[in-house]
Amino acid sequence: MIDFITALVENTLFSATVILFGALGAIVNEKSGVVNIGVEGVFIVSAFSTVYFTLATGSLLAGAVAALLISGLIGLLHGLLAAYLRSDQVIAGVGLNMVAYGLTIVLMAITWGDYSQTPQIGKIQSLQFNIAGKPFIIPVFSILAFIIGVAEWFILEKTRYGLILKACGDEPRAAEAMGVNVFRVRVLATVIGSILMGLGGVYLSAEWFGNYTRATTAGRGFIALANEAFSNWNPAMAVAGALLFGFFEALSISVPIELQSLLGRQFTAETYLFKMMPYLATILVITLVMKKIQMPRALGKPYIKE
Amino acid sequence: STSQPAKTTTTTSKPVKVAILFDVGGRGDLSFNDMAWLGAEKAKHDFGVTVEYTTPQSQGKMKELLETLSSSGEYDLIVLVGFLWTSPLNETADKYPNQKYALIDASTFINRPNEVDILFSEQEAGALVGVLAADMASKIGCNKVGAVAGMSIPPLWRFHVGYLFGVKYYEMKTNKTIGFLWDYTGTFGDTQKGYQYATSMLQSGACVLYGLAGLTHVGMFDAVRDWNKQGKGTALAIGQDASQEWYMPRYMPFSGAKRVDVAVYKAIEMVVKNQWSGGIHVLSLKDGGVGIWDLDGVKYFAEIAYNQSKLEAGLTPDDVVRIVNESRRTYITETGWSIMQELQQLIISGQIAFKSPSTEDEYNQIVNALKNGDLNAALSKGKV
Amino acid sequence: MHREILLAKITRVIAEEALSLLIGFAAAAAVLLVSGYDPLRVFSIMFSEGFRNWRILMEQSTPVIATGLAFSIPMLAGLFNIGGESQLYIGAFTGLVATYTVYNAVGQPLLASFAGILLGALAGGLWGLIVGYLRTYRSVNEVVVAIMMNWATYYLVLYLIVSRFTDPVYSHMSVFVPQPARLPGVAGFTIISIVAVLVYLALKYSGLGYSIRAVGLNPKASLYAGFNIGRTLLSTMALAGGIAGLGGALFVVSTIYSIDTTMSSIHGLGFLGIGIGLLGRNNPIGIVLAGLFISGLQFGGQWVELRTGAPPYLTDVVIGVVVMALSATYVYELIASRMRRGGE
Amino acid sequence: MKAVEMLGIRKIYPDGVVALRGVDFEVEEGEIHGLLGENGAGKTTLMRILYGEIHATDGEIKVFGRRVRFRSPRDAIRHGIAMIYQHFSLVPTMSVLDNLYLSMSAVNPGVSRDDTEERAEKLIAETGLRIPLGKTVEELPVGVQQRVEILKALIRDARILILDEPTSVLTPLEVEELFTSLRRLRDKGITIILITHKLREAKAITDRVTVLRRGSKVGTVKTSEASEQQLARMMVARDVELVIEKPPSRGPGREVLRIEDIWVKGGEGVDALRGVSLVVREGEILGIAGVQGNGQTELCETIAGLRKPYKGRILLDSRDVTWLDTKERYRLGIAYIPESRKIGLIHDMSVLENSILTSIDEYTGRLGIVNWKKAKEKAVEVIKEYGVQPPNPDTPVKFLSGGNQQKLMVGREIARKPRILVVAEPTQGVDVASTEFIRKRLLELRNQGIGILLVSTDLDEIFQLSDRVAVMYEGRIMGEGRVEEFTPEKIGLLMGGVNA
């Protein structure tokens, strides 16, 4: 039983961390009024870059920093497109996802002659505790994600930076009239948002897997987006949402495995039904919990001065 | 295989041209697409044929792709990798009787003179893996094995049947009880899932995991490695298709082999050497089409990995072979090895043959009968 | 005078579109050069092979035009329908099973395919309705529901196919649409194009279209105007889901005839639809063109690997870069106005 | 010294509209300078340029003698300029305090929220502007939002204050209060630019006025040297009736609208209407006076069906319509002109599309197809009759000036020939000539036998148009009677909740 629970907790944290970083980044991004559905793309680029630059420089730290810088650059590009060039933000995100996936594979092919995976790098140690005499793992990045989640909540709700961001996302015209430089805030928010998303990618490569395969991210960017909407653009709720989804995903994995042993039979296609669990549970929970949607009002609308 | 009388017409000086059409996803799946590429590259090297590759964007595009390539008449042989090509081929093959096709890892179950289907007896590989996995689990002391599988598709049904059979065979021979876990992750492309399924299986007591999920099971490998490194216990992984021991030789004593490369090579060879004969071929244990990779194979793939700088820092291919050899000695007992060889003998000699479930119901029936200890439920010929 | 304005607008759009394509391909060329491939060769292969066969173009574009519409119509009403994927799944599956069942029961090929298409559209509509309902009456953000439904439906359909509807001979495939009930690919494209035109007309000329746009632009004013916002959102989502479902059913009945047990034949068409909806600037006619264009590039991309040995993912990169370049229409406005000013 | 010098300002909007054609505009330090002109004359445009929100196509700007080029309001704010739009620049989702804090800290990142609160409270005490600091802006009535805007400018120590039609939603008392504070500010040396359409106000408070017409300056005059009539003539180049002769009513007819003991919840679950009962008859105008935010909006919305009462009945032509939806009520003959153009118009749609917003069904034929030809006829009719500028039905409404938007909205509803017209602030932001026209149209309507419920904070309007008057205070009717029975003083007391 205790094994079952520790496995559940570990798996919950694994799932939750990535989608939490994605959601936290997207929240910063979108609070300013800029949609970013390129979370998946940022994950991909960041996870890949972490490995690529760690190998190039020989230092994991340098690799991670490079990955975050590149994530920030993607944010800069997206922000410039969105703010100054009034580009359609969704479309730019769709493009980004396509380019990111394709380009990393092309780069792997060019660099290592391999279409799917990079070489391994030495990854960082996760935190390890003993529970009932057995090691219990908590990823360092999980803790980082939770800290950032709480800090982000504090900044958004309690500081003037939060007000500025919210003003740009809700009523850019008013923000501008108050002396806020909407364009600059939006670009900055996309950069910071992208860097936070990038942390998700760094986590995947630097702490979880130690390499990048083209199946490393596997659509988690979209789950992160769902988590963002789930949270109603509230970082504290995003923490809860990530844990909730992670928990149900972990459960959907453990339950059929345990059941097989219990029932003494083999699951074949019916195992697919278990996989619907996290998704249906999320819909159910949000239906019960949600009272009012509060997305930034000017979300996705280019701010046009004249 | 039947050998046709060699045609006397000498081939024109025009070099043979082959198109390899991968499965969706193409190269980089660490599985049959990559293996197909290896086989074709070897053929290119050995016979000087021209080879062109392409990857369809989705199953929905296969029919048209095949149609267009067939109508061009440009290729002496079109090699189709993976079962998704079955129906596109069915709709095309009769229209172009002069176009030769090789369908790898699937069959239309229709005999056409211009079509070669090459199948594998995955059950046979699975069975040998099952015996050794059970033996390793018993040696480590957890007495439970597992498999992280991709999606519920016929080749995996066959692996399931074989793997479970092998484990039960081992139980029968040793009177030990070995637990067995099998779960479909629902994907061939999600390493996070692979890791998490593996973690769950390890937590629930398994210590030997068989990877049958392409890129997904790379995540399983990582989970097994972490399990050992984090001091949670001893765990081992088993790879499949290519020799994957190089990925972590200490924790992966062996991999199952499925020689898609051989299939592709053979198909090309038939064209080059004018030995074409249409029909269904099954690559089995007997002709080395499936089985367990020997150390030469391990070295071959370790060399490839080495050239792609993917080997663990400081290791050479020879080190990989040495370490793999050591782990085999450490984790596989004499008994286990001999039970495996005995089973191998039964299969090669044709004393027993496995069923190939053709429907999900049949598959379900077989694995659940096996689970309950009825080994013969898996056999179409012979008894154990 | 009106003709002139319209004409001027069309020329502007075309000019913008051409300019952005030019920039898109220039950027893609840079990527290709860096990766060591000859851009001209790559592009010429892509275009010559991709746009050679109209039948293929029509077949391949049918489902993505549908999901493009399914994204764009709700977009006008202010809803982000990222659920075209699952709406297409369920439409394809229902369409398949219905055609199969009806044909086997009645033996009427046309009736069977008609029933399949209709029921597929209805199933998709129901899926859309669920999203719309939760959004309207439960205040649940449509993005969450749609993303979750995409995955849940993926596994549901997989389960149903594998456990109930596999083909007896090819057990990796679902049952097939019976030969006589299959429609030519052109039929699928024709139907979806007619739907696109109808949607275009409806948005432009119908009261519903007006209320959809009004609700999307200003919900408060719509309330004031007496529109029933809830009902408008519901009908929008039902319509969108229905079109995605229709696309799935048409694709099955007229092109692929069966769904494989890895669902590779229908996976990803919804997401591609988002790009196509936006490239078509949420205009149904534009979406048809964008669908043909992207399908052509994708199809031609398969030849790039064949002829040059470039990794197949290079095609994704090229298309992605072009898509990104197409997003910034304002740049082209700027350039155009510079040029105009320069010409003064 | 000159506080502002704008020389040769030209502005061509991106869509080609020439809004200003070389305007010279000068303001002395420490004066209150009026900016007058017809709707669409370019007043707002000129001020947005001064405020750095948009850029002039041509021309030069000096502030306190120094040449400036503002890239954004941020630059303007640094130079001590503050602008109060009628179209508020507040973030509706944030509290008043947060809005103030944000706008202060945008210029001076050092200030804390507490500093802001302290200063705000001090200013509130000084100016008498009643503002709940903790409330979310969008929950506040328009009038209060206006006060927030003013406070926001004051709190930033602006040296030049631009007010774009600040009084159009204020009651006379509030206007008086505002003017008192403005005079006080002027005496402290603050320069004030005031855009207004109300000549009396311009006379009352400004030192000098500049008049614009069609993007050009007509002239600048000392206020004391020009009469209201002269100013009006400068604006529109003809004589304007500033006070309208109310034709005698043909006597009230049958009851059109009857409201019986209506109770409605507002935001936050507080009762917004507490047992309101009213009757409007054919051919009469019932004026509702009151300070913004005392339930007038809720009253109108309840009649239009946008809010549902939890108690009480609404009868239209003796038919109970309490549970009918909005569309049905419109069909039965209710028309409603809301106080906010943001609710009455869809800014991103064209004039044509907006002109059938509330009557789409009348223009929808079989198969649900909209008859755009017929719609265009209506749009053209409204444009012509009300002189909407520019007279192109395809112009997006967001490109119209505020007054022209108002004309479109009012014209659209009047053209529907309703049984009863519920209208709030009909001449808000509309120039003198158009005000005259709209008021005349309302009286014509009344004489055609249509019942009109007029909500206005402008007492002049109430007195000029109403046959009967009701005064609202905190969701109740404080007093009701024939217009002759009231004096401005009496209404003022009732509006303040004092039973006279």
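Should a chain be cited, it is by its letter among A, B, C and D, assigned in written order, with residues numbered from 1 in that chain.
The rule is simple: a contact is a pair of C-beta atoms (placed from the backbone, for glycine too) under 8 Å apart; a residue touches a chain by one contact, two chains touch by 3 or more.
Since the model is a prediction, treat every value here as computed from it, not as a measurement.
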The chain pair with the larger count of contacting C-beta pairs, comparing B-C against A-D, is B-C
Would you identify the chain whose Cα-based centre sits farthest away from the centre of subunit C?
D
Just how far, in Å, is the C-alpha centre of subunit C from the one of subunit B?
36
Distance-wise, how many Å sit between the C-alpha centres of subunit C and subunit D, to the nearest whole number?
45
Centre to centre, by mean C-alpha position, how many angstrom separate subunit A and subunit C?
26
Of all the residues in subunit A, which ones touch at least 2 other chains?
105, 115, 268-269, 272, 275
Residues within subunit C bordering two or more other chains
155, 158, 162-163, 311, 315
Can you tell me which residues of subunit B touch two or more of the remaining chains?
26-27, 152, 186, 188, 360
When you check every pair of chains, which ones turn out to touch?
A-B, A-C, A-D, B-C, C-D
Under the touch definition given earlier, write down the residues of subunit B that touch subunit A in their complex.
26-30, 34, 152, 157, 160, 164, 179, 181-184, 186-193, 195-197, 199-201, 203-205, 214-216, 218-219, 222, 226, 230-232, 307-312, 360, 363-364, 367-368, 371-372
Can you list the residues on subunit A that touch subunit C in the complex?
37, 81, 85-92, 94-103, 105-106, 109-110, 115, 222-223, 225-230, 232, 268-270, 272-273, 275-276, 279-280, 282-283, 286-287, 290-293, 295, 302
Subunit A residues touching subunit B in their complex are 3-4, 6-7, 10-11, 14-15, 18, 55, 105, 108, 112-120, 126, 128, 134-135, 137, 204, 208-210, 213-216, 218-220, 249-250, 253-254, 256-258, 260-261, 264-269, 271-272, 275
Can you list the residues on subunit B that touch subunit C in the complex?
19, 24, 26-27, 52-61, 63-65, 68, 83-84, 86-87, 106, 109, 151-154, 186, 188, 357-360
Show which residues of subunit C lie in contact with subunit D when the two form their complex.
5, 202, 205-208, 210-211, 213-214, 217-218, 220-228
